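Several structures are given next for inspection.
Shared between the two complexes below is subunit A, which has subunit B as its partner in the first and subunit C in the second.
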Partner chain A sequence: MTTLRSDRDRNGQKRSSVLQKANVQKWIFLAFAVVPTFGGYLLFALYPNVLSIYYSLLDWNGITKPKFIYFENYVRLFKDHYVWRALGHNLFYMATVPICVILISLVLSYLLTNKGYKGTPVFKVLFFFPNVLSTVVVSLLWAFIYDGSFGLLNAFLKLFGIDMDGFYWLGDTRTALYAVLPPYVWAGVGLYIVIFMNAMTTIPKSLYESAILEGAGHMTRLFRITIPLITPLIRVSAIFLVLGTLKSLDLVLILTRGGPAGSTDVIGLYMFNMAFGEQVQNYGYASAIGMFLFVILVGAKLIVDKLLPDRGYEY
Partner chain B sequence: MKERRNFIDLIWWIVLIVWSLTILFPIVWDFYESLKTNPEFFQNVWALPDQLQWANYKKAWLNYHLLNAMLNTLYYVGASLLIGTFLTALNAYALTRIEFKGRKFIWGMIMLSLFLPGINALIPQYILMRDLHLTNSLTGLIVLNCLGESVFFLMLLGGFMRALPRELEESGTIDGASIFKMFIRIIMPLAMPGVVTVAIFKFIGLYNSFLEPFIYLSDSSKYTIGVNIYHANMLMQYTNDWVTLFAGVIITMIPSVLIFMFFQRWIMEGATLGSVKG
Partner chain C sequence: MKSVLKATSVSLASIVVLTSLAACGGNSSNNTASPSATAGASAGASAGASDAAAQVYPENGLPKDEKVKLKVGFFEGGMGREWFDTALASFKEKFPNVSFDVTYSPTISQVTQTKIAANDDKDMFDLFSGSIPGGIASYVEAGKLESEEDLWDHKAYDGSGKTLKEVSFEGSFDSSPRTKGNTYAFPISASGSGLMYNKALFEKNGWNENPKTWSEFMKLCEDIKAAGLYPITFPGVYPDYITNAFGQPKVYELAEESGTLDKVFEDYHKFNLPYFLAPENLERWNRIYDMGKKGYFPSGLAALNHTQSQMQVVQGKAAMVATGTWVENEMKQSTPEGFKWGYMTVPMAEKPDNTKWITFTPGSGFLIWAAKPDLNKKWSKEFIAWLWNLDNQLQIAEKGGMIPLRADFADDASRLAKLQSLPSAFLAYMKDNKVKMDSGAADVTLTDPAFEQANKVMSESITQIATGKQDPQPKLQEAENYLKKAIEAQGK
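After this line comes the complex of A and B, so read on.
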């Protein structure tokens, strides 16, 4: 009896020490696998997000001692004419860029999926290409297109007998806002073509065939079959594009730096200039603008969520 | 079902061609202008160059210190890519396949960042980096990129690893392999398609990143290629040497083109992976 029990004990001990060893090993592994990234995430991502709320209540240029001024920055913000002007430009891009991108990519991807024209794979690859280019390259290419003295656009118009006389499209308050739109769309469409094409190929051919039998044309098929079936995807894309457009500032920064005379300024860029610009450095006020943008982003997401139908049709 | 082609088809085909031209033409145009002399360039923007001025490329390479910028970019992109991808894979494995207390909590905290736009964190992040003496340093940027968790990639790799059969670890434990060994020898190779996709997207994102290097790097000797060409463009109003800038833009584009050529399949499939996750 006694020998049996001690035997079992010893066995139990051995097993538990193996388990213990495995357990220690597991925690060492976890320490390597989770602590640096999660710690980094807390420090470099989450903490600054929380901190931005506090910063927005300060009067601070980053050098002198910060002064706590409660909601003064927000009061200033609501009176700041430049903020509202920038917001107007944001709304303009937010309304136009997603619609243009989605419409163009829907039509192009429908053509590529259902028409089977010669060279479809080549088109698909080529259309995607602008998406791998950097914002700097995209911006400079378009700056060259719009340039007054050598720009492609003016040269092209001249072929049709329209002499723009060195008109610089990005340098005029009347045109600059609209001139920033095409690069946005140009650089964004490719990704959505690929996404929509993928979704469209999963739609059963039989649906189209019965539609064709009933004499439906391509437009009917696109709007009656294809688009309703991929609505959930269009919705996700729309949210993605709206938020992305609202947030983006680098394209405008490189193309126009918000000029001329602030006619292309967007909120993100205004915030950026307030914090890192050459003349002023007001981290408190810039943070308040950042928080304002945050609220607008949340609002925009809710609005898009409401506006677009929630679910697509099943097949 | 084959349809007969008609006149409308021709129009649609022309639409596709026109869109292709809007993509190709600006780039091709930039390329052949970069081979002209400045007087030629200003005289007529349509004309092809008389003599190919390859010297413009040499000039861009030297004047804009592109070698230095390329080396900076290589260091910044290379180190962020290797360390960042490895850490993401390690993290994805730990968070999807190892049971431990607090796992759900950590996963939830990370998912929180999906709701944060990040733009309002730009300034506090800058102050933090300044206090840690990580500004004006490529290494600082690497630290920021490797440690600032990227949820999207984590989800992508987590999905890959979750799909691997459970028995892998069990058989590994019986053979007495440590978790580290198991991760390196078994899990990493099996998750390779996901890891490569993540690495490619990280490369594109890092190579193209502008705002972070622009904010954090102040010495021109530390500029990455994108920031470098941006400043070169800023100088144009004084130098007016456009053909050289055109050449610089083409040089900046070459790595993107190469990556796209070699990994085109992966890139286009990876792009749709993201949309499914939504």
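After this line comes the complex of A and C, so read on.
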């Protein structure tokens, strides 16, 4: 009896120590899994962003003694027509780039998934190719395409009898804003084709087979089966694209530097120039623009949420 | 075995975490530590007084036995690096206790800016070229940069007792950019701005290579246009490049003709209003506007980058490009064998004997970080002075394509013959014309964002004005309003 109890006690102690150990190990694992990433996020994302709120209240160039000026930078910002002009360009890209990218990606991925082309894997690589190129390469490539003297676009138009020789698409205020659009789309489509293709392959074939039996064509299948079933993914893609387009400045910086005559200036570029300008550096004002951009980004996210409801279908 | 593995993995993980934390938190303690392991300690130590004389270099009085390692940030741009490496080697040979740790980069200013942001003086360069994005004014204000003004009185190593100021090319001392009255990036070479052209093309067409008056210059543009070429091009993506041909010195040229030079010179150096709306400035922009309306600049100007605009000249689509004398070196891979560049400036006045004002920029200098040990700073200055040796000046001119700053450079004909075609053409132009040089820099620094906005107004308008699409007057008015705001904000 005594032996039995002591055995049970020993077993109990052993079990509790094993459990305790497992518990400690679990916490150690969690700490290792979470602390570096969360710490990194705190240090390199949250902390500088929170600090930017403070900076936006300063007259400060990053070197000299900061001067607290309350909301003066924000007052200046709302009166600054360059901010509104740049924001207008951003809104144009926000309204066009995601739609173009998503539509083209959807159509191409539907064709590549359902048409059973022999060269599908090759097309997939070709379409994805711009994504492995740096923005600098993409920009220079398109600068060459748009070149007035030796550009591909003018040469192509000439084939159809349209002589645009000497016309620089990026050098004219009437065309520059629109000319920046194709590079954005071209560089963005590939990634979403891959994402959408993977999502489309998970849709059961039986759904398409029944639709075909009922006489549904490609367009019906695309809009009635494919798109509704991958809506959650389209929604996420739209959010990424909208936010990415609002924030981006690299392509514009290299292609046009906001010109000609500010016709392609975007808010990120304006903020960048205010922070690291050729004549003046004003981190305070640039931070205020950054905060304003943050509010716009949150607003844009909420609008996308509203426009594309988060509904999914189980299949 | 299991427990050993577990203990080992836990220890390793702890080391990783601790070292990461140490790396993140080590910055402040580093800053309070002695400045440099090599030079810092040596700077603090004082050599024995008795044998001090034997232990110093007679040329500069610096200790021979204290090893110094200078961290250098080098801007590897159009001048290349060959001249620099040669100078470095000869300096190390002469002063073997000094060594260098050089970071070469075409974007060194970004590296410099990152180092400055890290706020670690120990990690910072001792001296660096390529300046700092946004300019140096705020760094000067904060005492972060060492003044190099005293280098003008430094005796040239091979100048027979003359100071660098005394051996310098006329106009170099006055036109050197200064901040708060001091030189911070002591120039080692110079570049001249203006219009660069294909000499062979001008000779073939019999075009005037040295127009003396505005009318002659307009006639030249007309001739070029009639031959089916654009008379002038420049990289419109970087519209301020137009100032290489039509910069601030041209305002002085117009002012000199109208007898208001002293006032305008003073106003432009001190940002006195009217600045953008000064009559001479309005006249300058109106002339550019007129040229634009006549189609003297390419219509797609705004889309041209450096290479595209310069290639227009090389390929004979445009006759002249507004840029600096560095263009020859920059384009040497793209120009055909035997291509010779010519140089001219835009004459603004109508009297042939009037002074031609040229943007002349002594530059390519190195900034010295003030928070470095004294000995490092002294050796940094010695190295800059070393770059003024005629041997090094020749390297800078021959390999770097720049204009030497030593006046006695021309004393030796064989040395002069080694200049590239464009610096040579520039010097010839100066010899043949009555020329005055100015860097176009102001004495006052404006830091309010409204100043950036004033410049933005003009910068955005340049290609529009130069293509005849924008009347300059309203834009100048807008820029003037921003400038007024900036001046008022500064005065608060």
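In the analysis below, the second predicted complex is superposed on the first by the 269 of 315 C-alpha atoms of A that agree within 3 Å, B and C clash if a C-alpha of one lies under 4 Å from a C-alpha of the other, contacts with A are read in each partner's own complex, and residues count from 1 in each chain.
In the analysis below, a residue touches a chain if its C-beta (ideal position, glycine included) is under 8 Å from a C-beta of that chain, and two chains touch if they have at least 3 such contacts.
Since this is a predicted model, take the numbers as computed values, not measurements.
Asker: Determine, for the superposed arrangement built on subunit A, whether subunit B and subunit C clash or fit.
Answerer: clash
Asker: Taking the superposition as given, does A:51 touch the first partner, subunit B, the second, subunit C, both, or neither?
Answerer: A:51 contacts subunit B only, not subunit C.
Asker: On the A-aligned overlay, A:237 touches which partner chain: subunit B = first, subunit C = second, or both, or neither?
Answerer: Only subunit B is touched by A:237; subunit C is not.
Asker: If we overlay the two complexes on their shared chain A, which of subunit B and subunit C does A:20 touch? Say first, second, both or neither.
Answerer: In the superposed model, A:20 contacts neither subunit B nor subunit C.
Asker: Return first, second, both or neither, reflecting whether A:115 touches subunit B, subunit C, both chains, or no partner chain.
Answerer: Only subunit B is touched by A:115; subunit C is not.
Asker: Quick one: subunit B or subunit C, who's touching more of subunit A?
Answerer: Touching more of subunit A: B.
Asker: Now for A:260: first (subunit B), second (subunit C), both, or neither, which partner does it touch?
Answerer: Only subunit C is touched by A:260; subunit B is not.
Asker: Using the touch definition from the top, say if A:291 reaches subunit B (first), subunit C (second), both or neither.
Answerer: In the superposition, A:291 contacts subunit B only.
Asker: Can A:62 be said to touch subunit B (first), subunit C (second), both, or neither?
Answerer: It touches subunit B and subunit C both.
Asker: By the touch definition at the top of the document, which applies to A:36: first (subunit B), second (subunit C), both, or neither?
Answerer: Both: A:36 reaches subunit B and subunit C.
Asker: Of the two partner chains, subunit B (first) and subunit C (second), which one does A:201 touch, if any: first, second, both, or neither?
Answerer: neither
Asker: Could you pull out which residues of subunit A sit against subunit B in one structure and against subunit C in the other?
Answerer: Looking at subunit A, the two contact sets intersect at 32, 36, 43, 62, 143, 149, 276.
Asker: Would you mind writing out the residues of subunit A in touch with subunit B in their complex?
Answerer: 22, 25-27, 29-30, 32-34, 36-49, 51-52, 55, 62, 104, 107-108, 111-112, 115, 117, 123-137, 140-145, 149-152, 155, 186, 191, 194-195, 198, 205, 208-209, 212, 218, 233, 236-237, 243, 247, 249-250, 253-254, 268, 271-272, 275-276, 283, 286-287, 290-291, 293-294, 297
Asker: What residues of subunit C sit close enough to touch subunit A in their complex?
Answerer: Subunit C residues touching subunit A: 10, 13, 17, 20, 24, 113, 117, 133-135, 138-139, 141-142, 144, 236-240, 298-305, 308, 312, 317, 446-449, 451-453, 455-456, 460-461, 463-464, 470.
Asker: Which of the residues in subunit B come into contact with subunit A in the complex?
Answerer: Residues 1, 8-9, 12-13, 15-16, 19-20, 22-27, 29-30, 41-42, 45-46, 87-88, 90-91, 93-95, 98, 100, 106, 109-110, 112-113, 116-128, 130, 143-144, 146-149, 173, 178-180, 183, 204, 207-211, 215, 226-227, 229-230, 233, 242, 245-246, 249, 252-253, 256, 259-260, 264, 267-268, 271-272, 275, 278 of subunit B touch subunit A in their complex.
Asker: For the complex, give me every residue of subunit A touching subunit C.
Answerer: 28, 32, 35-36, 43, 61-64, 76, 80, 82, 143, 146-149, 166-173, 176, 256-262, 273-274, 276-282, 285
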